[in-house]
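Next come two complexes built around subunit A: one with subunit B, the other with subunit C.
Then we have the complex of A and B:
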């Protein structure tokens, strides 16, 4: 093995010969393509000439590699690490240790200030093994209605992955966690909302689904904050506003502008009920790391060459020759794309990264099932501005994964926290959020003791008797739970050139640093090792995968000329339907109606819920 | 541009389909001729049953052939008494398979009912199973009125066999369904049926009926505020305030108070709409006229008062709902 004991790969979990008789499930008979450095050995040598060289196997780079490879480009995709995923990798505890050392010795650009604590319970011959855990450097959730999901389906990369639903979103307000009310059903049945609040909330939900078509409603508030808009125009109260803006919209602070916030709120609502009563999915065995790997596998099938442990040393735009640190060379006829984390020594063109994200990842010795909906193993908890003891100005977003996600063993969970706050304030905010989560968990455990009937009994004359033996036993069981055991605590700062929450709308891309980056590949700085190189953006604070496809498309267009055939793939029996409808039910051209082929009777078959009844308006 | 590529692909596919269809039409016509000939010759055998199976699988709306199929079944299973143990599993499987593909075709539903009535009319377990099947179907598509109608038929059979009313549990069920989504005309309609029956057959003591109706008022007010644009809610409210059940159960002062309370809420909602969007809510205006009429009929308001208020709202409607302008003008004329 290359890296210190790595996690099992998807191909190893799902043997390709699992071909049961009578199986109708395509996945069983499908082979997961092998990837160099995982199931296959690394190549001895690399091609002499390629069209595109990509350094770094992060999310954007991997999607790009697959898109280019399927379009017919000759791609060499390298990574200086001995693992895939780069800034989106999913790592074991031992791998995290090495990573932290490298960050703190300034070997990984765009990261700093890494701190790590690992308990002695993790190690060889200890209770937990390092590779039992899969820790994401860039935790992500996937919206059911999103461009990445469409691409996953179109490219069939989803077959290399396993997704689970996530319907639990909590807002932390007044020291307690509220579950969201965002469907008509929730609103109608909620006993605690006043009638007028229900009306206002429903009115907003209906509006936001179609907000772009109603400029007279939001136009006057175009440059105002979303919170002001919701208070003024829709007369909503703070609890509803905060829930909508921070938990549903996943915005960062109360100043977020109206159009951006509306887009984000709508994203959540339209993702709800696409595949079921949940808006979001997460990837098992490791989030973004698995997704990047999935796209790399796809690219490899399409002919891309993969090599790990390969670091770019320099690129000469005149000769078009790229040199690696092991001395090998390759001629690149089209473009060289590099992630800032893979930048060579002496690089001068890395775009300015003036934004930061502060992250924390904790491995906790508690299963946290009380926070998950039944059948799920993850939840999102949002701490709105001002809700924490530290008086946070920015939101703290947390993602909790349980053992059911297969990222950690039974009885443990992974807590990811992040904020766009800077410096020591960020540390305070993250610690405050961590404390709040722990306090809530402890409260849940402590109620158990009072429900134990064996401890307090009523004697014949009505006096309560305490069974001291039982009480003692309970305390023995109770005491260790008084503190939450951390198995690992990791924190770090990550820098990025993407403004926070500036995603979703591709038009926004034209105005930001990307244009400056594009121009930078034409500037020539003598002695720079990276003239002519195009840099990708580091992951931003965005908890969803939303920026990834847009970023990949922009790069694709720079290389190929247009993004018309971005993932324009047509795998044999692929149907043409995926753009519009919900996932797995294909909208085949109906062969049933033999009489008149213009007669498209939508009522044939159980597909979709087009009731012929003229009842009400759109579903919320 | 890949858009053009796709379109051509689809046109080819359509051409291919046309060719295949030509052959299918020939086959279909042959099958129809063969089946109807057999029917005319009164052939009732397992083979002719097969013929109808093929034909109905392709065209489930061919009622003539359903009738023929029933004749065959009767001939093949003569004298199947309603209490016989013979269980028509094959037939039920066939209809179920058809229903999965065509859940809104009347004839399939009818046939299933016929089969059950013919073979196991008095078998309570069978009807209970049907109820479970309808539960499942309605959980997948709560607005299929065929499903609701079938449910009423099934429940009626269970009630007949077990000699008791299921109205109360049905009311609980329909409340659950409405809670999941208030935009469900069929469910509200079912609610109308149930409330009426509870009253008609005096299934609840007067006090309980009273409490139930008071609860209804809160329920519909909640629905109103949650979605004042949903026509099924409005239709239910209209039924509720004008039907005899409510008028007879509630004492007249309480009835009048309920009407006034509702009127206040509707006015509030309408004003809220005017403030937000600048225009009246047509449903509100229409309901206000209905409420005024109910107050007049209850003797609480004079005819003159009613005419004045109704005219005011009708005039508003003429501007707010120009599509139905002439109807409102007509109503104005007949005031």
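Then we have the complex of A and C:
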């Protein structure tokens, strides 16, 4: 369904593109075709007229800018900061210091209560430099099967980025970490599981892959909590239920509704083994901040104009003129999109940001290799409700990144903690989680422990395996003599209009009656500096990137009229490159599929008939 | 094959992209007036005198993001070489190139970064000595003082362009040869995942 006013796409408008790609055999590889400026020299000054003005280079805005630029819109993309990323930025320690000051002087809407400690070990001529660290304001992980990943591939933005695997998901329970039992092999070899539990777990894993086709199983539980469903229907025990709900499903609390939780559990399982035996990836050098830069670069290649240090002062929907703080002006023919963090002074249309995400980021002088799978440099640790000393009601989610991520130097790590709990309760929960992480790390990294043969077992390839379950039991009373060196500790409250574990609500963008000027008497507020502006949503509490594409698409549709040609780009010569080009060849090792049975093919999605038959066998 | 990332720097309209286009496709569009924002191009050359050594350049253009000093950290990251371009017919152009060199040294924390200072539009100066606004010795002196490679080229005629990339390739190869041992030791066992390459042959394993 094309909008009548749909512009011709970039590829359609630039006939030389096809010629260029096809007629030069001496070109070894064309990673991304020439576009911007080839026929159209870039102007020297800020454009006088653009189709769309976007303020804020956060991830959603950046994906939107790239999508619009490739679709053919003339985009001016500005940011009032001197760095890319806005609410998704990856910052150095020095940049964090400035950011905290600005939050605490109330000059960044949607953030409050920032607290920062920085060790004297960081600074010029000290042990660590400020820029040795890349700290994400909104840390994210990328599911191997997700809409953002496919857009990254389609847009070729992935070529600007490097991704690494993450397979370690830990659930904190009874004062120790349980490594996730997420593969068939794990389930069968886990000696702590009874035969019955194993059978029930396998049944559930099979069901969840195709849950939507089996409403007879979950329908009666539609409005019930996932925990009740798993206890009642699949007779699973609490440890398994918590793993499924909180580590695999990354849900917020035990009240999470069945359909949402099933969808989230399946997300993990179907992402497993897409690239290898892990469900999730993360980008090196920084998360959302890095991905934002990639999309901005892509937008620039498609002709978007970029200007940092540019703050919107006001927008007049009648004259369609946006004015910047430095006095420059631009006429915007279609829409002005602004991140809530970059709202002009005197704004009165920022959507209510009624949900809190409380975040903490710690730089720690420990490599934390104990928590990573070999060859990896990241892990997720989840603290289910009630697992912490603080008696937490909501989950605390933790992302740990080691030096291999190139976000921090050798011998250090970054710990990101977050919760949707509010106010001082949130602070207590985050502090309790931090304390639990520290205690566990000291126990596990203690030399006394690694010399104990009872606990350390050596695997076939000579690698010591530390049994964290037993560690937790044996050393519950262990009082560490060592303490953890914090290089930096940052905590802050971020507000968002997106409910926890939900996606952006399109209705958020419906209050733009002003853009339809025939209708402009409805929401016009005299003296407001932002009449007619469309605000994006702040990052939600979601730890994955899963809301981003949806949010960008909703805005895209608002502007273009349809999302049919959202990243409808065709880099045809790319296939060749990817197949013949040099570079690491994927391993042909066949990994144990997360849940497939020996007598079934490796297809993650099961055949409907098999599933139905299976449900029968389940006697439920 | 050795692979290197090369970034272009310099003010708008000095001909950064024209030089690269001349290099990768040996063509020149006379009517091109300003800088060109291609993303990155790849070009492989065999080193002169060492035809068995091929060097692949991954060339990043600024895509216009340099105009308001809005280049992202991503642009500079892991750059092995930089081509800093000025226009010999524009007075003040060399000073601007020098500012880019300063910026570059600040952003790229790597002593082995190869920087090549290149004066473009030498064809115009040859046609009319009067238009040459930046004397060669001045640029040469600056390059020598700062440990940069230096040359003058014409993206229009192609003069000096291949030599420029040959020199960069040779320098990178020499550096790499010396570092070889260290480099091999530095692979830390971390895997980078190639997103367009799911590990299974199963079509449903592809991202949807």
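One rule holds for everything that comes next: the second predicted complex is superposed on the first by the 475 of 620 C-alpha atoms of A that agree within 3 Å, B and C clash if a C-alpha of one lies under 4 Å from a C-alpha of the other, contacts with A are read in each partner's own complex, and residues count from 1 in each chain.
The rule is simple: a residue touches a chain if its C-beta (ideal position, glycine included) is under 8 Å from a C-beta of that chain, and two chains touch if they have at least 3 such contacts.
Computed from a predicted model, the values in this text were never measured in an experiment.
After overlaying the two complexes on the shared chain, residue contacts for A:385 are found with neither subunit B nor subunit C.
Of the two partner chains placed around the shared chain by superposition, subunit C is the only one that A:150 touches, whereas subunit B remains out of contact.
Once the two complexes are overlaid on the shared chain, A:307 sits against subunit C while remaining clear of subunit B. Within the superposed three-chain model, A:500 lies out of touch with both subunit B and subunit C [touch as defined at top].
Annotation for subunit A, partner touching more residues between subunit B and subunit C: C. Judged by the touch definition given at the top, the superposed model places A:539 against neither subunit B nor subunit C. Taken together, the two complexes place residues 591, 603-605 of subunit A in contact with subunit B and also with subunit C. Those residues of subunit A that touch subunit B in the shared complex are 184-185, 187-189, 195-196, 198-199, 202-203, 233, 564-565, 568, 576, 589, 591-592, 594-595, 597, 603-606, 609, 611-617, 619.
Of all residues in subunit C, only 1, 3, 12-13, 17, 21, 24-27, 32-44, 56, 58, 63-65, 67-70, 72-75, 77, 109, 188-200, 202, 204-208 touch subunit A in the complex they form.
Partner subunit A is touched in their complex by these residues of subunit B: 1-2, 6, 9-10, 13-14, 17-18, 20-21, 24-25, 28, 58, 100-104, 140-141, 143-145, 179-186, 221-223, 225-232, 269, 272, 276.
Listed in rising order, the residues of subunit A touching subunit C in the complex are 24, 26-38, 41-42, 44, 83-84, 131, 144-146, 149-150, 152-153, 156, 158-160, 162-165, 273-276, 281, 284-285, 290, 293-294, 296-298, 300-301, 303, 305-310, 374-377, 404, 578, 582-584, 586-587, 591, 602-605.
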